[in-house]
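We call the chains A, B, C and D, going by the order they appear; numbering starts again at 1 in every chain.
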Amino acid sequence: MDVATIMSLPEAVAELVHDGDAVALEGFTHLIPFAAGHEIIRQERRDLTLVRMTPDLVYDQMIGAGCAAKLVFSWGGNPGVGSLHRMRDALANGWPRPLEIEEHSHAGMANRYVAGASGLPFAVLRGYLGTDLPLHTSTVATVTCPFTGEELAAVAALNPDVTIVHAQRADRAGNVQLWGITGVQKEAVLAAKRSLVTVEEIVDELEPTPGAIVLPAWVIDAVAVAPRGAAPSYAQGYYDRDNAAYRAWDAISRDRDRFTAWLEELKGRAS
Amino acid sequence: MTVAAARTLRDGQVCFVGIGLPSRAANLARRLHAPELVLIYESGTIGSRPEELPLSIGDGILAESARTVVSVPEIFNYWLQPGRIDVGFLSGAQLDRFGNINTTVIGEYDEPTVRLPGAGGAPEIAAHCREVVIVMRHARRAFVEGVDFVTTMGHGSGPGDRCALGLRGAGPTTVITDLGLLEPDPETAELVLTAVHEGVTVEQVRAETGWELVIADDLAVTAPPSEEELSTLRSMRTVGENGP
Amino acid sequence: MDVATIMSLPEAVAELVHDGDAVALEGFTHLIPFAAGHEIIRQERRDLTLVRMTPDLVYDQMIGAGCAAKLVFSWGGNPGVGSLHRMRDALANGWPRPLEIEEHSHAGMANRYVAGASGLPFAVLRGYLGTDLPLHTSTVATVTCPFTGEELAAVAALNPDVTIVHAQRADRAGNVQLWGITGVQKEAVLAAKRSLVTVEEIVDELEPTPGAIVLPAWVIDAVAVAPRGAAPSYAQGYYDRDNAAYRAWDAISRDRDRFTAWLEELKGRAS
Amino acid sequence: MTVAAARTLRDGQVCFVGIGLPSRAANLARRLHAPELVLIYESGTIGSRPEELPLSIGDGILAESARTVVSVPEIFNYWLQPGRIDVGFLSGAQLDRFGNINTTVIGEYDEPTVRLPGAGGAPEIAAHCREVVIVMRHARRAFVEGVDFVTTMGHGSGPGDRCALGLRGAGPTTVITDLGLLEPDPETAELVLTAVHEGVTVEQVRAETGWELVIADDLAVTAPPSEEELSTLRSMRTVGENGP
């Protein structure tokens, strides 16, 4: 058993995230690990395969910064606001570099993580029927039920090289606790070869909390303290979603110059 | 349109809610005639009763006001997939005469004119809910003869298609727009105009529809929004301002 | 949506459990629905297929009372004490009637419920390899991964006619809350065609509780109040396991006469 | 035997614990040299630190003292199956020379002499843990040439069998009995006597073993239980009296 090491965010990213890795930053609208994404931008990781059900602003930023060679996803937008313009620019114009995509439905992506977390090569679901999605991805196929003869969809397991999630808190031993909308974070961490959890704070004792899940220290490689590390998304019990920032991103991201200025400013700030 | 959409929901139904117009309409229904409507969001919240409208499908207000919150794999596998949900409430960028929805690309997949957000939960919501209600603004570029990409299957290429694929839900049963209501003809599965909102003409609807729209023999006019409906709608605040 | 009706336990069993049904009483050492099992004995249900990962005293009693034609299970013993003598007597001597068995591993049974709850005809797992179990059950087979070509175990979905579980509490609308070791109860309820939940008490409001799961009223058919309804197993937060009763059962169940006396006494008591 | 079994566990290991002797030994180890031993029970408790010994694998004391409690499907699918557990700690009614375990029937499956409890979690515990430690009382009727029923595969019929089936764990690496220790020969995968407890003779062990037992060239004698080991073992109370 190797237990999580508590280290700084720059150290953790330097140690765990390598050029060319398949990296999953998960958090379903809640607890999106923005601070970690920004540190990956600062450390100028390249050729990443970015995996995420809902590429949000954080992936728009990483794509715009040139970190990504490929995006694996199921819904790419700025929720309630509009499009991800950096993602669109990369797809349409290859700026700052071309972006390959692998596209699924939410049910498919969720089950790909479940298979990955379960040590299985694939998952079975009733999905993709009548849609054009399977024409464009090789990670959807069919299997036949050995009992009923029925044909069902199969999706290939996702096992990222590294998964990064944000949580409310960890204890000094590196056990992590998160609550509220917990999305697919447990599966994404358990499916990964390596994992990093950023947390709002480190506490002496993880008080049992309704709806909380706990990730024991021995399934995590590193824990890094990153207060407000999920902003502008939210951390239930700590701070609200900054909806104004989501709306403001629309204008910044529409324009390469404004985005580039944003990027330079980000790189100038320490983690 | 939001009022008309809200009216399609009956009290006590279990509704899987997409973000945007569907969420607004479902929350309006819950405040009006359907206080026991059960709202399920794909973020894993079951039985949410938000006091303000969420901006995304995973706002804190959905979790805090929920009966229970489950993981995203669980919401799709245990709650949606087995067919326990009455109504799936969706929107889209393009809709064709058979109720198929496109939220992926306008144009070719590999070189699209417009890249849209993608599928999200919609393909499986439309597959597994007992029925699907679609809310969309009526515009010629959105109501098309055939969608550029089938993100979410409605009635496929006509009657029998859902059955042949083993899809157990009834598929789209109502499309609500800012001009009126469309419902699939039981014989052809093609969307037919069954009602217009007060003051809307059939010509207006035809002009905004990209296929040769069939008009129901007994074309109805929807009842105008009541005082209560309008005041409730106006009183609904979105978390932040630029609501869904 | 049909929401749970709150009714008496005798009413609920009369309405929901029919002769010949496949019935699952679940609860993994914790919250075992003894009161409901005893009511099924009192109402003299016959030809049941009893489904349960760990047939405990409750199934030993139901088998001894002649309710069961078949047992589907993965571990049948008196935990920490010894054997289930009524189950053994039925298997070896057909007393009081012959008992057919369908035997799995825990991993297999758990996944059969998962498939049932998910509306899938089967589940995939890495299991049963090198064991003699698949030689004796037709609900284990293999499937081939369409991506890797690997062969894996498949188990057929379990969809009981009726599932019965015990929970700490319900609210007046019939929403149910349980916590502690929650076992396979959620899956067993969601997999079933009908469901009954017995509860320690009905409360005005379900206070959020760490580790609790909630089953909404609209996936349950009936809720019945049964205080101490899990005894001699336990209900966390309400009462402890009666280990003495588990040990005492060993002597009662070894002997048909003593068991018959126990059974007559049970039938004489009202629910 | 319990002391010898406890000694096989190293601090910081993650251990999937079967009920009975394994649970007793694992909890002894946690009180002695392995305070950071992580105990996982198939009831879904992760990181249990019970002050008293549980009677069953799902006692309340396991849940209350756990780091977290998950569902039974989750414990098997997310925690055991992917191979994250260091040691599986099992017992059995019959064990053969290749470490295969029988907990199903003595005699024929359809007409057994003795019906045993069945598989429980053992087949997958033995398949997926990095290694398997078995604790059993040494008796001729239990240590047999071939088990009547393979409930849980050890090394099958010899070297290479686990590999051929794609089983990723090493299988049984140690068998601890009240007479000594058996370990699989790296060449033949057959269980060989590698140590006896103080005062036990090889003849005694042979008499209680149902196959032609091979004795290791460097047969060891286990260190006798220390004062601390014995007093800790005696101080462990079981919930109730008739412990596992």
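Heads up, the rule we're going with is that contacts are C-beta pairs under 8 Å (C-beta built on N, C-alpha and C of every residue); 3 or more make two chains touch, one makes a residue touch a chain.
Bear in mind the structure is a predicted one, so any value in this text is a computation, not a measurement.
Q: Pick the pair with more C-beta contacts: A-B or B-C?
A: Higher C-beta contact count between the two pairs: A-B.
Q: Using mean CA coordinates as chain centres, what's the gap between subunit C and subunit D in Å?
A: 28
Q: Quick one: subunit B and subunit D, Cα centre-to-centre, how many Å?
A: Distance between chain centres, rounded to whole Å: 56 Å.
Q: Distance between subunit B and subunit C based on Cα centroids, please, to the nearest Å.
A: 40
Q: On subunit A, where are the residues touching two or more other chains?
A: Within subunit A, residues 119-120, 125-126, 150, 186-187, 211 contact more than one other chain.
Q: List, in ascending order, every residue of subunit D touching at least 2 other chains.
A: Within subunit D, the residues that touch at least two other chains are 77, 81, 128.
Q: Can you name every chain pair that touches?
A: Touch list across chains, by label: A-B, A-C, A-D, B-C, C-D.
Q: If you look only at subunit C, which of its residues touch subunit A in the complex?
A: Its residues touching subunit A are 119-126, 139, 141-148, 150, 152, 154, 156, 208-212.
Q: Residues of subunit C touching subunit B in their complex?
A: Touch residues, subunit C against subunit B: 1, 3, 117-120, 175, 186-187, 190, 213-214, 216, 218-219.
Q: Under the touch definition given earlier, write down the residues of subunit A that touch subunit B in their complex.
A: 28-30, 53-54, 73-77, 79-81, 83, 87-88, 91-92, 103-107, 110-111, 113-114, 125-133, 135-136, 150, 180-184, 186-187, 211, 234, 236, 240-241, 243-244, 246-247
Q: Along subunit D, where are the residues that touch subunit C in the complex?
A: These residues of subunit D touch subunit C: 19-20, 42-45, 55-60, 62-64, 69, 71-73, 76-77, 80-81, 100, 104, 109, 112, 115-124, 127-128, 149-153, 156, 161-162, 165-167, 239-244.
Q: Which part of subunit D faces subunit A closely enough to touch in the complex?
A: 12-14, 38, 46-47, 67-68, 77-78, 81-84, 86, 128
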